[in-house]
Amino acid sequence: MKKVVVVGGGVAGMQTALSLKERGVEPVIVERTGALGGKLRNFHLLFPSMTPAAEVLKSFTDQVASSGIEVRLNEEFSDFSTDAPIVIASGFNVFDARLKEEYGYGIYDNVYTTVDVERMFNEGKVGLKDGSVPRRIAFVHCVGSRDEKVDQRHCSKVCCITGVKQAMELASLWPDAEIFNFYMDIRMFGPGYEELYQQAQQEAGINFIRGRVSEASPTIDGRIQIKAEDTLIGRPMKMTVDMLVLIVGMRGTDGGKFYRPRDLFGGSVLSDRPNVFYAGAATAPKTVGESIAEGVMAAEKVVQYLNDGN
Amino acid sequence: MAIDFGYSVSQPRAVDLDRNDLSLAREIVREMPEFSACIACGGCTATCTAGNLTSFNFRLVQTLVRRGEYAGAYAEMNKCMLCGKCRLVCPRGINTRGVVRLIKRKLGDY
Amino acid sequence: MVLNSWREYEKEIADDRYYYARSCIRQNFFPGSETTFLRIMRQLGKDVYDDPRHTSCTGIGYHTDIVPLDTTMAVVARQFALMTEAGYENMAISCITSFGLYTEILETWHEFPETEQRARENLFKATGREFRKPKNIAHTSDIVFHNREAIRQMAVRDLKGLKVVEHIGCHYAKIFPKSGIGGSEFPYVLAGMVEAWGGQVVDYPERRHCCGFGFRNYLVKANRGFSIANSRKKLESMKPYKPDFMVANCPGCAMFLDKWQYALAEMENTTYGADGRGIPVLTYEEMAGLVLGYDPWEMGMQMHQVDVEPLLDKLGVDYDPAAKFLGRAGKYIGAPKPAGVNSFEGDRIYRIKN
Amino acid sequence: MEIISFYSGFVIPFLVGVSVLFAVVVYKFGRWFVRLPVEDRRLVRKNFFSRATVRALGECFMECLLHRKIWKVNPTLGYMHTAFAFGWFLLIVVGWVETVAYLGWRFVPLQGHIFFKFFTGGEHHWLVMDILLWYVLSGLVLAVYKRFRSRTLGMRRTTKLTFGDRVALSSLWFIFPLRLLAENFSGVMAFWWGYSIALGIFFVAMPFSRYMHIFTEVPLIFLRRWGIRSGERESSFDHFQLEACSRCGICIDPCQLQRDAGFRDVQSAYFIRDRRYNRLTRRVADNCLMCGRCEGRCPVGLQLDTLRLNSRHTLSGTPADGRFEYARKITNNPVISNECEKSTGQTVIASENEAICSNSQSSSSHPLGGRGETKNSQLSTPRIGFFGGCMTLLSPRILQSMEQIFAASGDDVWWADRNGGICCGRPLKLSGDIDAARDMMQMNTQLFEAQGITTLVTSCPICLRVFREDYRLEGIEVLHHSEYIARLIAEGCLSLRDSDEKMTYHDPCELGRGCGIYDAPRQVLASVGELVEPAETRSEALCCGSSLANFVVDDASQVAMARAVGAAFEATGAARVVTACPLCKKAIGRTSSLPTLDLAEVVAEKLNND
């Protein structure tokens, strides 16, 4: 019997493979990059519990290693015509912040994305380009989310909580820094998220300003001036910050779009083809936990498919 | 007959949707349905040249119009230079300049 | 649910032996109402002590930031001292603002005992008096409410078929909800009387809204437009219910709901009530007095801005129209000029010639 | 020779038609001419006896009769138009000669010429007349065919007809077959009656239909040759342009609103139709990119964009009323904007002007050499003002690139609007608010003059066009940044690394068709990479779809147009799309799979910094 191909070695893919193996089906993980772990490898602490991403990642890679699942790294899977069961767990791409040119990513020093911040935390080097400590930091929510102008109509779902989490992390790292989060809506849907948000407001002293940043420009002293409307006051505002963090959204991996599942209920891991399944953020923005849960569900459906077929 | 007591009755500040005549607002939205897709992010007002020099607040004024609060909207919209920056930053892709002209046409002297 | 909420705020009201604290402004605006209260109490066989030495509580001065809190406390302490000296323990307070102020001061003394100590010292230094805090304080509307059943039994008529708007003064329960019957959201003190005497209470959207007096809002002319706007808001809101009359338990509210109808008629040519004759505004004592069969002119109802005759007719009160502006001993007290809400020839049956 | 009466009952419809036609045309032309503005009439007087008149005659022959320009669009279409116009013209002229030849030099009433064969009983007949009639009939066959299969004549879409058009067109189609029948079956009176009625109906309908263009194009050509043009306000001359439009529909195909966004009733032919019949709506007047693609192809050479602009002015009722006085806060003294910040307690950013100036002063001894000197020898204090315009302000990469280019050039630069400037006024002008736009232009002019600049460089073609067309900037040279950069390269002031990267170039409408700048950006591109042209380029270039001139289209339509443009660039095989307009850059970059850059970015990237 042919092995079940799991496309993508992130948490969703690894969980799918583990669950398949448990049910006696032999999976093979095909991973585009040189290591398992997907986006989780770039993350530092996971919201809302602040669990180290490395810890979660290690438990998965250890299980994959000990279960003897075949893993093919540095391989791009493209043979979708095969009749072997395929589980697409290709996750998402991070939105390229350079497309929002007006925010100056890649143009001005000290404009970062949330992904950069996670990486800086992992590398243990958080700070401005010249190594100094910022006095003022602004986070811009919804960069590459809910924006027709970059063909990203959807809400990326996890960015609100990511922005809040990182604001708190920076606040505890630099207690003297002033931190401002510019948001359109704060969408705190998950368990413990609202609590974290409240903690950010009340304990970490993060300032939440309701308004979308329209543009950033450099100042004479190398800082960044941003403009927004404080919509709750109804007046335009501007401020100069030392560090601008763009909270970037997720872009789909199906030519920039997310894969479309058969339906959003019982068929959320099914595709229009009987032997193709989905798991994780390939179909929509999802959290780590939700992606793992879908891995289990996808494995279950694959097993059902195999049993029905034979 | 009115006697002047030296003060007048203050008008209520509440946006009274029972009293406001929304027919014009509905007509405006019907002509440009995208107008009601606004998520009030304020990007337009932030980037607006007029908005940074005067009380003009495009987001606020167009919202007021949608609520049937037409007073003063025409005069406010007249501050718009139609430069189009707001349209470039609008995440909902609203034809903001079209909205300005539509409101002016419906409330003003076209 | 609603009924439960109304019942949740029960307060203890003393049954007898009241020390009567009068209101400053009611004696001008509705001069017959306090006398009527005393008459009702006498008819009920209650002991009410009406003390001529008693003064203003300084409430208006306090709320307009003119009288400092310490002064106010000392003045209130003196009223308590007079009560103590007279041998009474239950305070019956005629004015809503006084009632609120007394409640507030007793509450402050409870939370910050040092302020009570200071008030005692100040009072002693100034007058040599000492006091005991009242065992029970009640607004006089509370007391009428308390006796509503007894009054009903003595009644000569009821309010059947009449729609009544009741209005509670803000200082009655909005400061300390527990100090009012029904609390601040479901004040039952006047509604209870209306229901007990057969009337129908009107529940309208702006029922809980302030009349707009607000001290500084009325007293400062620049703010007066705001004051009248609040009354108008209430009048507009109750208009579709076609109330037969309003009843209020606050001196300012009764006064403004009544007099602003005149001002609105003059300023904006807007009148309320059937045929634009205005909606009569009664004090709860007047309402109780009418139920008990008292003569409206003896209760001072000729002093109302909005004529009460149409209401008296509905109630079937046997009154002498010609006696409206005849005071005690038949002496002519003068009649107001015709005005916006009150200029209907039909109402003015009686014209006094000097 | 016998006496011919030249009268028969059937000529009445014809005579009535001709009389009505003559009366209406004379009335219309007379009225329009009398109402021409004084300056226009002065031009007529001045140029009446000049070579312009002769040229106009020639043009009338080439365009009104031969339809030379339509031949260029499509030869079959050209043949069709020529067959009708020139064929009919020759029928009349040769017919007249024929009459003269037969009857001698004597007065013959009009109907005598037209129904010559009837009155002479067909005994005298020139073969050439038959050939001419068949020539016209061949055009007619094509016209009928075009109604149903326009594509074969090079037109994907043809114009929708009005009622007057339908009447005129139907009668026109009947004229020549009936004439053929009447002349060949001379005894059948019904054919003569039909022929006369068809002519009569056509002539009556003519001045109220698109066929009015047959007459109007002639005075239009003369007036135009004498130097009269339509302007930003409506004038009597506009009538000559409006009624010279034959609604041939050539303007419809190039229109991207039609092609990519599905708008079918806003194209110039329809705009002119609506305006001519007094039923122009704002929706139609405002729904135009003013890209100029149709204007370039109009066989009658009508000023389509100008006419639309002055219609917008007429439809706009907002008085200027000094409603932009607030903008003086910025333009009266650019430093004030910083003071404003102070007073509102917001962060103060030191004006960058001084910093840039000092920077460039220190680089006046730049090794790239000599530029400071060459300029100094020409002008005492050469000073460049850079005006990014609203759109550039939202494209920081262009600003940053210009900063690098200026630094390399060693020029003394004043940044006009980096810390907030006001709009150039062109968008307002495009909306028809001419007076308000003038206020804005005047404020910016004051600002530029106060700064003592000698050259005004802008990276925005929208601003460039209004600076050149409407501003009076005495002593200030206005350059697009592509021209400025091209000049720097030509003078050897910029050292650039050439590469073999394939780049394609998008001509912004306002820069190309608007200001005629096609070569400067191409020269610049050629010095940093290899230029590959898209299918439609230069004066034929597509619009990005986000033109500020359009006040109607929604986001989806803009995206649809941008996608079509993007696809054309992808087809070139280029690695990157380069344009020279911040708005085009945003519009195309939104959907294109290729990176889309401004010219300045490519240049800055290739600067030799050592």
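In this document, chain identifiers A, B, C and D correspond to the written order of the chains, with residue numbering beginning at 1 in each.
We take it that a contact is a pair of C-beta atoms (placed from the backbone, for glycine too) under 8 Å apart; a residue touches a chain by one contact, two chains touch by 3 or more.
Because the structure is predicted, anything quoted here is derived from the model rather than measured.
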Neighbouring chains common to chain C and chain D, by label: B
Farthest chain relative to chain B (centres taken as mean CA coordinates): C
Chain whose Cα mean lies nearest the overall Cα mean: B
Separation of chain A from chain C, taking each centre as the mean of its C-alpha atoms, in whole Å: 65
Computed distance of Cα centres, chain D from chain A, in Å: 50
Centroid spacing, where centroids are CA-atom means, of chain B and chain C in whole angstrom: 46
Geometric centre distance via CA averages, chain B-chain A, whole Å: 38
Sites on chain B at which at least two other chains make contact: 47, 52, 85, 88-89, 92-93
Chain A residues counted as touching two or more neighbouring chains: 102, 148-149, 215, 237-238
Contact graph of the chains (line, ring, star, complete, other): other
Touching chain combinations (by label order): A-B, A-D, B-C, B-D
Residue ranges of chain D in contact with chain A within the complex: 346-347, 349-350, 352, 355, 393-397, 400, 418, 555, 589-591
Residues of chain A that touch chain D when the two form their complex: 99, 101-102, 104, 107-108, 148-151, 215-221, 225, 237-240
In the complex, chain B residues that touch chain D: 34, 47, 49-50, 52-54, 78-79, 81-85, 88-89, 92-95, 97-98, 101, 104-105, 108-110
For the chain B and chain A complex, residues of the former touching the latter: 39-48, 51-52, 57, 59-60, 85, 88-93
Complex contact set, residues of chain B against chain C: 1-12
